[in-house]
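In the part that follows, the structures are each spelled out as structure tokens.
Each of the two complexes below includes chain A, the first together with chain B, the second together with chain C.
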Partner chain A sequence: MSVIAPNFKLSKFIVAILGDVFWILLLVVLVGIPAIFIILFYIPLPVINGDLLTPFLALSWLVNPTLTIPIVKAFMTTDIFRVMAFPGFGFAVLLAASVIFIERKMMAKLQLRVGPFYCGKVEGILQLMGDGLKLISKEIIIPAKADKPLFWAAPVLFVATAAAFVALIPVAPGWVVADVDLGLLAVFAVIGFFPIITILSAWSANSKYPFIGGIRALFQMVSFEIPLILSLLGVVMVTGTLNLSEIAASQSSFPWIIFLPIGAIVFFITMLAELERIPFDLPEAESEIVAGWLTELSGMMYGLVQLGTYLKLYAFAGLFTVLFLAGWHGPMVIPPFPSELLANGLEMGPITLTIDGFPLFTQEMLNGTLWFVIKTMAVIFFIILPRGVFPRVRVDMLLNLGWTKLIGLCFVNIFIALGLIYAGVLGPGGLQ
Partner chain B sequence: MATELPSNIKSSDVLTDQTSSKWLPPGLALQKVDERIMTLNVGPQHPGSGHMRLIVQIDGDYIVACDPDPGYVHRGEEKMAEYRNYITNIPHLERPVIHDSCNVLYPYVLGVEELLGIEVPERAKYVRVIASELNRCIYIMYWLAIYGIFLGHSTMFMWPAGDRELLIDLMEKMTGARVTHAHFVPGGVRNDLPPNFEEVCLRQVAYFEKRIKEYAAVFYDNPILIARTQDTGVLSRQDAIRLGTTGSVLRASGVDYDLRQKEPYDVYEELDIHSNVMKEGDSYARSKIPWLDMMESCNIIRQALQKMPKSGSVRVKLKPNPKGKGLNTVYKRVESGRGSLGCYIVSDGKPEPYRVKLSVPSFRNLIALPYLLKGEKLGNMPSVYWSLNYWPVEADR
Partner chain C sequence: MADVAFLALTVITIGSAIAALEMRSLIYGSIALMGTLGGIAGFFLLLDAPFVALFQLAVYVGSIAVLILFTVMLVKRELIFKKIEDKRRKFAGIGLMLVLMVALGAVFVDSGIKTMTTDEPSVNFRDIGADFVTYYWPALILMGLILAGSVTGALVLARRVDEENDQRIN
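Moving on, here comes the complex of A and B:
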């Protein structure tokens, strides 16, 4: 550390943070609170439950858990919470951000270097924030002959489609944004949008390298969609349902990867190709076609596409977990919520506090989420790993792999599934 | 370089300037545009080009024609050499390839020694061989790093770039500079080896050899790499000789031609040198020969350290501002990291050379590129291009 960041001292860092906190508190106390009280002096105060809502009363409500916890709990049952925060976009973005950091540090360790180091003082933990700020502050340059509306729309559409994909992934029992009966078909439908958006962006840029990259992406995604769909047929046959939550629930005793390993391997390889990860990163092959279909994207347009790419990465890894690794199932490791706390309340000196609405989350939900995150992270680890080992493949090698070998393996997998069903080992709903 | 017309355009299709209202100089003609053919300007601002431009015409995924356009980093080193005397030319003439600076300087120093009639001490010759072989490894590591990232293999970019530091540290101990050493001078080397050098050198070289053997597992034995580079850009033995390629490109096509063996200079004839030859002539063979050369260099360094006289002078004191004897010419060549590197010096009895001409291997290897890329897929372009062991700055001088 002394060589790389010679001026860093933990004591100075802590003193700097304490200094910031001191000034913020001082400004709030001397300027902020008096300003609020002066404003409140001039506006008429409302009457709620027979009480005049004085500033004192409002502040005491804010810190009263018996009033706030039910409000929070009611908010958590709404759709907007599911879409924005927990199983939906916010959760996925948080995971995607941590994936970017883990990927960079992991590749650095593999390649005998340090990786992000300065930003955020501790092992470069805020590097992603810095990159995001840089991308936001950059000028967006549009090629003069580009088809501007389409070119602008493509990155936004890309993120929206990736978010739609995220919405279909069940995280814990009952915790899914869109619990569609034909969930797997919906997944295939959403995946089908990516090549269209890619070729729209590439074509509308009206430039040579994006055009070649877009055509390559189109080749790759279209030719790998067929093995992708076929490799999941085995799972659908043994479970007898297309609903992702039911597929995950059917694996309570065994994950399907034990019975259908070939399907899992084929799905993993097609996943790498759909995600444009190394060794299948032909659409972004730097030494051949600059940055492929991303060449003309600048500033936050590029940032949005990257965000969409990592959301897609999370969604695919989550899909693999749900289909082959038993989703949220796993040994119970979260301790149950203390029941005497619910019955007797919390004794704090002279007062006893009983709170309605606790616990916020059930034990099953927390445990399921934990196992889902662990398994998804493990899948993402294996998705990242080839980047350190393999060079890029060529277009003809890629198409040969997709159209001949993988489709053949898919049929082998389907026959294995059929054999298991007819032999009576497995039937719809799991082990017989 | 003359551009051949792409195979699917007939010469009758080429329009003369009768329809266009624009004036064209005599001899130039407008070419009819084929709508299937797309022209890509790969470089100079392209991550896969180096300091040059490749004008590539593609039909779908196949390259129809490729026209290399070097010259973006021409600095006139040869002309500058005419205005400086024999000693002050030394830091200039290593600039074309700073990563291989000892080898670039070697033919010039050998030539000046012959012109001025200087006899070099035995120990200095061994020190030169050691420095030259270390520098060859440093150059090849840099080349290998770029070859790795051209194939999308980021680990193969980081590992050689990091392991190169071992030998750079060794060269720094030896010469005082990390990259531009200016170590060879007419009459020997600039300064003697530091104390304890032999022990440190043997240890570092042993570790270096262990490291580069590990590259086989991650790079040279990688099935995807082999599938991608084998049978691409095949240069036959006859074509390799006819086009005048040198060094690793020539040896990958099955021609056993290493100047250290065939025309030994300094003390190379006293050392046991094995020349690496492969018969395939494809991109994979061309990328593997430099890697094998590095192991051979490690052997040569060990031999040289063993046979080197343990003490003695390493430099003959020259007269200040030495002059050549009348009108005289000399041509010397050495085996550099890229191939045969020649230096032609004309002296007219003044303190400055009348003319210095470098015959560089990079340019000679580049000549093969349009022939190799014709009919290849676009995805093979970076691997074929960089497997030619080409250094843009050296080609431009």
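Moving on, here comes the complex of A and C:
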């Protein structure tokens, strides 16, 4: 049996720890506390609930954590919470990570395999974390003749653009990072950046396979952007607004997919092409050109591009939900917060615990988020399902589909929308 | 605040325009051109015209810049132009640009831009759209016909009859 530390003695270990504690205490007393007081002297202390936030108050919050709930609530209304956590990046990354796991498991079941199984005891639930750690710890290899600034910048730009896309998607009433009045146009502007980043990344690697993949990605994305934009014009005509929150709110009684099914189908197909998913995964065709434009990316650069891809997947699915599947609308399933708990507090024998500031979220917001997540996950399921079913299409078939059939169907959809408006079914005087 | 944003946008726009002209690497030149076009989109945002700004981003940065990048990548640089560069041409170019800018500036200053009130509410793009379909409808129809004609022409030009090829059928 091998011994990790043969000269280990418990007494020496304890002495070393005590020595460390002594020095830390000495430094805190001599340097840390004066520094804190000097800083406290200069910074203006915030006023919270009418009290000046002194260190004593902060310590009393540590003793009674329920007192911090109003501060948490105040923090949740700030922009930084929206960008970092809830409708923004954190929420989207969480959904994207679960999508990666579900996709691997589902593909395995479709192909009669097991999929990730060993990592994390239960059905390989920690596989994703293991993959992430592996990617972070791997060496980043840059090709010798690569254009280094562009090669480094491309993955970061990809994730940033995908995050900008995520920021435009409304999740629940009032819960959106950027409530732009021209939200749909902003979506088109953001989507236009993906082919640029792809082709720059592919070119800067200075290698054959990435370049072929990048040119394929460019062809595919640019030619499918036109049916993508045209297929959404029907919804804009029917609702009369470009704001995504208003479009979602306008579907309180019925989703637009009932009236504009052709637009929804065309948008779904263009979505598959923009996301480079099977059957349109020509840019990453692994049996022809190694990994397409991702070939030379290694380590966390590849990880970032994958993260951006799945953020984009979530954002597109969320956009489909907002535009065609009524966004956050759905039957109220979340029970209301028990009102006697607010009035009387929680009685536990002799102790009565009253908590100020509850509930943290309103019932509408929780319900809306639940329905949005369910619908988005359903759309994502239908996006990843063709991967187990369809083969890859040829380039000429892809371009033919994009430039002739889909654009024709888009115009059919626009005329259906116009007909519905002029016939008085929708719009002023109609159903809405 | 708007002044800081305006100055930053000006520096970005003019700086990247100069870079687009002066860069030896054509790829970096096209990226700098993207910066110029994006800076102009920023100017539109500052002028309370988000509609135009977003179209500037979607069309110029998203499509035109991609086309330029694509062309640059596919064509060998040596075939495009020969290096003819001397001081005289450079200074002549700069002088010509200055003359043009002064002339354009004089036209702008004369056009009554000084007497414009700046605190008016921004024009809603819906009003512009309503004007287009009511008062200016002949112009709209003319534009639509021209665009439809050019799209049809492009389709006719791009269409070619494939030769019989057993591999490609079905």
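Here are some notes:
The rule is short, and it goes like this: the second predicted complex is superposed on the first by the 364 of 432 C-alpha atoms of A that agree within 3 Å, B and C clash if a C-alpha of one lies under 4 Å from a C-alpha of the other, contacts with A are read in each partner's own complex, and residues count from 1 in each chain.
The rule is short, and it goes like this: a contact is a pair of C-beta atoms (placed from the backbone, for glycine too) under 8 Å apart; a residue touches a chain by one contact, two chains touch by 3 or more.
Here the structure is a predicted model, which is why all the values come from computation and not from measurement.
In the superposition on chain A, contact is made by A:186 with chain C only, not with chain B. In the overlay built on the shared chain, the residue A:197 is in contact with neither chain B nor chain C.
Once the two complexes are laid over each other on the shared chain, residue contacts for A:228 go to neither chain B nor chain C. With both complexes superposed, B is the one of chain B and chain C in contact with more chain A residues. In the overlay built on the shared chain, the residue A:217 is in contact with neither chain B nor chain C.
Judged by the touch definition given at the top, the superposed model places A:208 against chain B, while chain C stays out of reach. Once the two complexes are laid over each other on the shared chain, residue contacts for A:396 go to chain B and to chain C alike. Shared contact residues of chain A with chain B and chain C: 396. For chain A in complex with chain B, the residues that touch the partner chain are 107, 110-113, 208-209, 212, 278-279, 281-282, 285-290, 387-397. By the touch criterion stated above, chain A contacts chain C in their complex at residues 147, 150, 180-182, 185-186, 188-189, 191-193, 195-196, 199-200, 203, 211, 215, 218, 222, 225, 396.
Residue ranges of chain C in contact with chain A, taken from their complex: 27, 31, 34, 50-51, 54-55, 57-58, 61-63, 65-66, 69-70, 73, 168.
Listing the residues of chain B that touch chain A in their complex gives 38, 40, 46-48, 61, 148-159, 162, 218, 222, 224-225, 227-228, 377-382.
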